[in-house]
Amino acid sequence: MLKISDAMAAERVRGTRPRKRSRLCDKQSEPDYRELRIDKVGVRGLRFPIQIRDKAHTLQNTVATIGMYVDLPKEFKGTHMSRFLEVLHAHGRVVHVENIPDILAAMQRKLKAAKAHLEMEFPFFRVKPAPVSGKAGVMDYQARFDATACGSDLDFVLSVKVGVTTLCPCSKAISRRGAHNQRGTVTVQVRSRKAIWIEDLIGMVERSASSELYSLLKRQDEKAVTERAYAHPVFVEDLVRNVAVELNRRADVTWYRVEAENHESIHNHNAYACIEKG
Amino acid sequence: MLKISDAMAAERVRGTRPRKRSRLCDKQSEPDYRELRIDKVGVRGLRFPIQIRDKAHTLQNTVATIGMYVDLPKEFKGTHMSRFLEVLHAHGRVVHVENIPDILAAMQRKLKAAKAHLEMEFPFFRVKPAPVSGKAGVMDYQARFDATACGSDLDFVLSVKVGVTTLCPCSKAISRRGAHNQRGTVTVQVRSRKAIWIEDLIGMVERSASSELYSLLKRQDEKAVTERAYAHPVFVEDLVRNVAVELNRRADVTWYRVEAENHESIHNHNAYACIEKG
Amino acid sequence: MLKISDAMAAERVRGTRPRKRSRLCDKQSEPDYRELRIDKVGVRGLRFPIQIRDKAHTLQNTVATIGMYVDLPKEFKGTHMSRFLEVLHAHGRVVHVENIPDILAAMQRKLKAAKAHLEMEFPFFRVKPAPVSGKAGVMDYQARFDATACGSDLDFVLSVKVGVTTLCPCSKAISRRGAHNQRGTVTVQVRSRKAIWIEDLIGMVERSASSELYSLLKRQDEKAVTERAYAHPVFVEDLVRNVAVELNRRADVTWYRVEAENHESIHNHNAYACIEKG
Amino acid sequence: MLKISDAMAAERVRGTRPRKRSRLCDKQSEPDYRELRIDKVGVRGLRFPIQIRDKAHTLQNTVATIGMYVDLPKEFKGTHMSRFLEVLHAHGRVVHVENIPDILAAMQRKLKAAKAHLEMEFPFFRVKPAPVSGKAGVMDYQARFDATACGSDLDFVLSVKVGVTTLCPCSKAISRRGAHNQRGTVTVQVRSRKAIWIEDLIGMVERSASSELYSLLKRQDEKAVTERAYAHPVFVEDLVRNVAVELNRRADVTWYRVEAENHESIHNHNAYACIEKG
């Protein structure tokens, strides 16, 4: 029995045969004369289901936004974009994070490239108990992998974006009562000789702030969180330094960048600080 | 006298007794004198893992952005925000879409509200074969539920956002060769007496465009898709009408809104059309 | 035989006669048989410089994002998108807000439409002195016009988005010291028989919050703002009610919607309330 | 005559005198013991009206989103955020782009910093005639300045984001008729020994694409644009190389990065290429 695809059917209806595949010219493989190699070429903005193993060794299902790139020698006019997708789909309809080195190697091989880059950004979830009632709530973070293979060398940057409470030390010191506080966002990017858990980076950030955030807080929890924040005021400067102090203690961390951004509750603009090592 | 840090105190309390709840005043339950009922009050911007059963009866894991609201009678100063989270977390760390009616009923009960609204927006995935090579690729869409309980009545709006190719009929008619085309986005919102599958709405949109989109296309597929689009030019006006014609054929559909937006390849602005029934 | 490039041809044509317009077919004016009128069709996402006269009678230069739409009777296949742009450009390279009724009338006339809609969203600026030092700072808001002409009737909705400080009454009441506070955003939409100044809506919102925002605060100002917010705690529920109370006092206001969203400093999600009149 | 500010009045109403300014402690100037200098600290997300002189020597009014940062030696706990705002406001309610070096110097001086960074991103407008009819339309681009003063050295990066049409060479080569095309975005960042006009960078990009974009196109223009794009197919790879070839011809350009992103009309993801010099 003949099973034909929709498109072939459409072709037939229009009364012609599809051109044989071997006759479709390969524009991308044509030579290029501009003498310019391209640093990165590929696809981005792909949304794809992924699975990631967390520190508790459970598998977490989430959705990543993915970019895949290779370099292109000056001799070639173009890369073959569909091959990125073939590599990504090679293992089925869910990408397993453990496969990242394989994915990079397959990109190098299938696209005949010296360098391959893979970036994945995704929400990451943790169950977190409220500080007094102990009620469990699901907290969301934003995580990101930037993995690069250059020949047989691998470079890996882990990034995490963590929401926190920051309470202003200046406002507390000068005001009779109260102190302005707000949601801040800390972004940590790390290169390390030994793998680091996303949860460990989150922990460093949450310990460095006036308070960590929670999804579920009963009244007694809200009291504890409010008083803890008031007892631990931090500027954005303190926040990035506190995280940097923790990272400096880890001998395996070879590079980091820590950024903090406060959505100031008294301004319509944000306060920002950044500290980088390496 | 022992002075312990707030955080340590919180730790200790978790191990022993929490402070009695009755000793913390309940601001929200205080009376209000402004004589103004509030239409919607609640939480939004929550990211949460969800599971949804698709037409093929497989369970799909994805991540939703969630809003939950109730109405508030004029007598009360405020709602109890933490209860929304308790309802959401009642069934564990993943929300199952089948539980939506239960979630709404629990919101009405726990928040003593006449009305309860739940909105969930999430990426939805389908495996789609390329039109000629048949190579499987994962396509992403954006879906959304807006569910409202008013007493025992339920209102449910299903929305889907679908990317498509649109090729301009005017450009084709007046040009010797070629025709400008672009990615467009169609948003369909539907109320129906009988449940509609997300996949069915996607199908209606994809049949209404110059071509559907694919994640993975080999050269023979790209040829087929290009030629199909050239053979089926549509304006945004055609796009919304084509979808509306399909929806009008379904006697169960009691209301719809169809919007199309073309990211015009020749302009820096978009073309837009909207058609609404009911 | 001379073969000239398309671009050169275009250049030449510009210097000589354009091809006669009548020879290019007019797809849009062809009849349509689907028997479906279209509610709104047009262009969106246009960025354009505009001038707006503020309450102090100075002209303010800003940049709007614009949408323009008409309805389309069921008899016609499409609208003529370029005419929207011609109407918009008719008065030069800056749109004056005073011209909105003229723009709508021109859209009805040139596009042969019963209905015409114009939407413009733009940053709006005010110079605001700090509360103690009196130092002047420029504050930004987001404003929006939604103007619709139906025959000779005009409908006009003015919207303003205003950032504020909100301090939680519950957190203040239950905590020994401090109270969580955050940046909130209030969106007010109004229909009124008499024109309302953007500045007046901003004032209503800023008076309804724990504190208004400032761009420039010296230490003595920060102290004043912190203490004022601590003295005036509001829930999102209070915020929308306070604004509604002010709007209810204006007999000319025939409809409004007030929404408040708090970027909670202790959560990773937002609190939301909405109240609507009419 | 006594003129008191709102906040002071509020203080008085509450029955106290404001604390004398000299008694407000200066937390930021306290010493810090973590031994960590901070690379960048300041404010971001400020919206501010600006004026920029374009190549035609007319003054263009637009709105910038601004970030201002300095470095902070390891000895100090914090920077003084309000001083950034004072510097920004020093010349009135509109920032003139000519003042950037003064602004940087003032930041260094007032914040006692070795380094000062200023970033401004804003829409930039050009009047562009349609290719055949010659009808004038206002086109919008996104421009950006990144200016850094380190001691008395100045570093300046100009960036422009330009929308273009790209038509796929592969799709054209293999298809009997038509070719998929789409809106693409090219971002060019440049360091140059001699000032470069924003308009010149825009020109390089627009010449490198299948066609430039227009805001207003009549039918004869649409025909010309469609045919020109069909006659000039480019991959993202071609696009970045074409721009790089033009930049390489300018001896004054010491560094550049060119990125192209195609919003593929046949996929739900984008194609991307990047080439960097230096």
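Going in written order, the chains are labelled A, B, C and D, and every chain counts its residues from 1.
FYI, contacts are C-beta pairs under 8 Å (C-beta built on N, C-alpha and C of every residue); 3 or more make two chains touch, one makes a residue touch a chain.
If you're wondering where the values come from, they're calculated on a predicted model, not measured in any experiment.
Peer 1: Which chains are shared contacts of chain B and chain D?
Peer 2: Joint contacts, listed by label: A, C.
Peer 1: Of all chains present, which has the mean Cα position farthest from that of chain B?
Peer 2: D
Peer 1: For copies chain A and chain B, work out whether under half or over half of the interface numbers are shared, and give different or same accordingly.
Peer 2: Interface between chain A and chain B is built from largely the same residues.
Peer 1: Approximately how many whole Å separate the CA-defined centres of chain B and chain C?
Peer 2: 24
Peer 1: Could you check chain C for residues that touch two or more other chains and list them?
Peer 2: Residues 24, 26, 46-47, 140, 170, 174, 215, 217, 219, 223, 225, 267-269 of chain C touch two or more partner chains.
Peer 1: Which of the residues in chain A end up touching chain C in this complex?
Peer 2: 139-140, 163, 165-168, 170-172, 174-183, 211, 213-215, 217, 219, 222-223, 225-227, 229-230, 263-269
Peer 1: Would you mind writing out the residues of chain D in touch with chain A in their complex?
Peer 2: Where chain D meets chain A, its residues are 19, 24-28, 32, 34, 36-47, 67, 69, 72, 77-79, 81, 169-170, 173-174, 235-238, 240-242, 244-245, 261, 267-276.
Peer 1: Of all residues in chain B, which touch chain A in the complex?
Peer 2: Its residues touching chain A are 5-7, 9-10, 13-14, 18-19, 21, 24, 26, 46-49, 60-63, 82, 85-86, 89, 93, 123, 125, 127, 129, 131-132, 134-138, 140, 215-221, 223-225, 227-228, 231.
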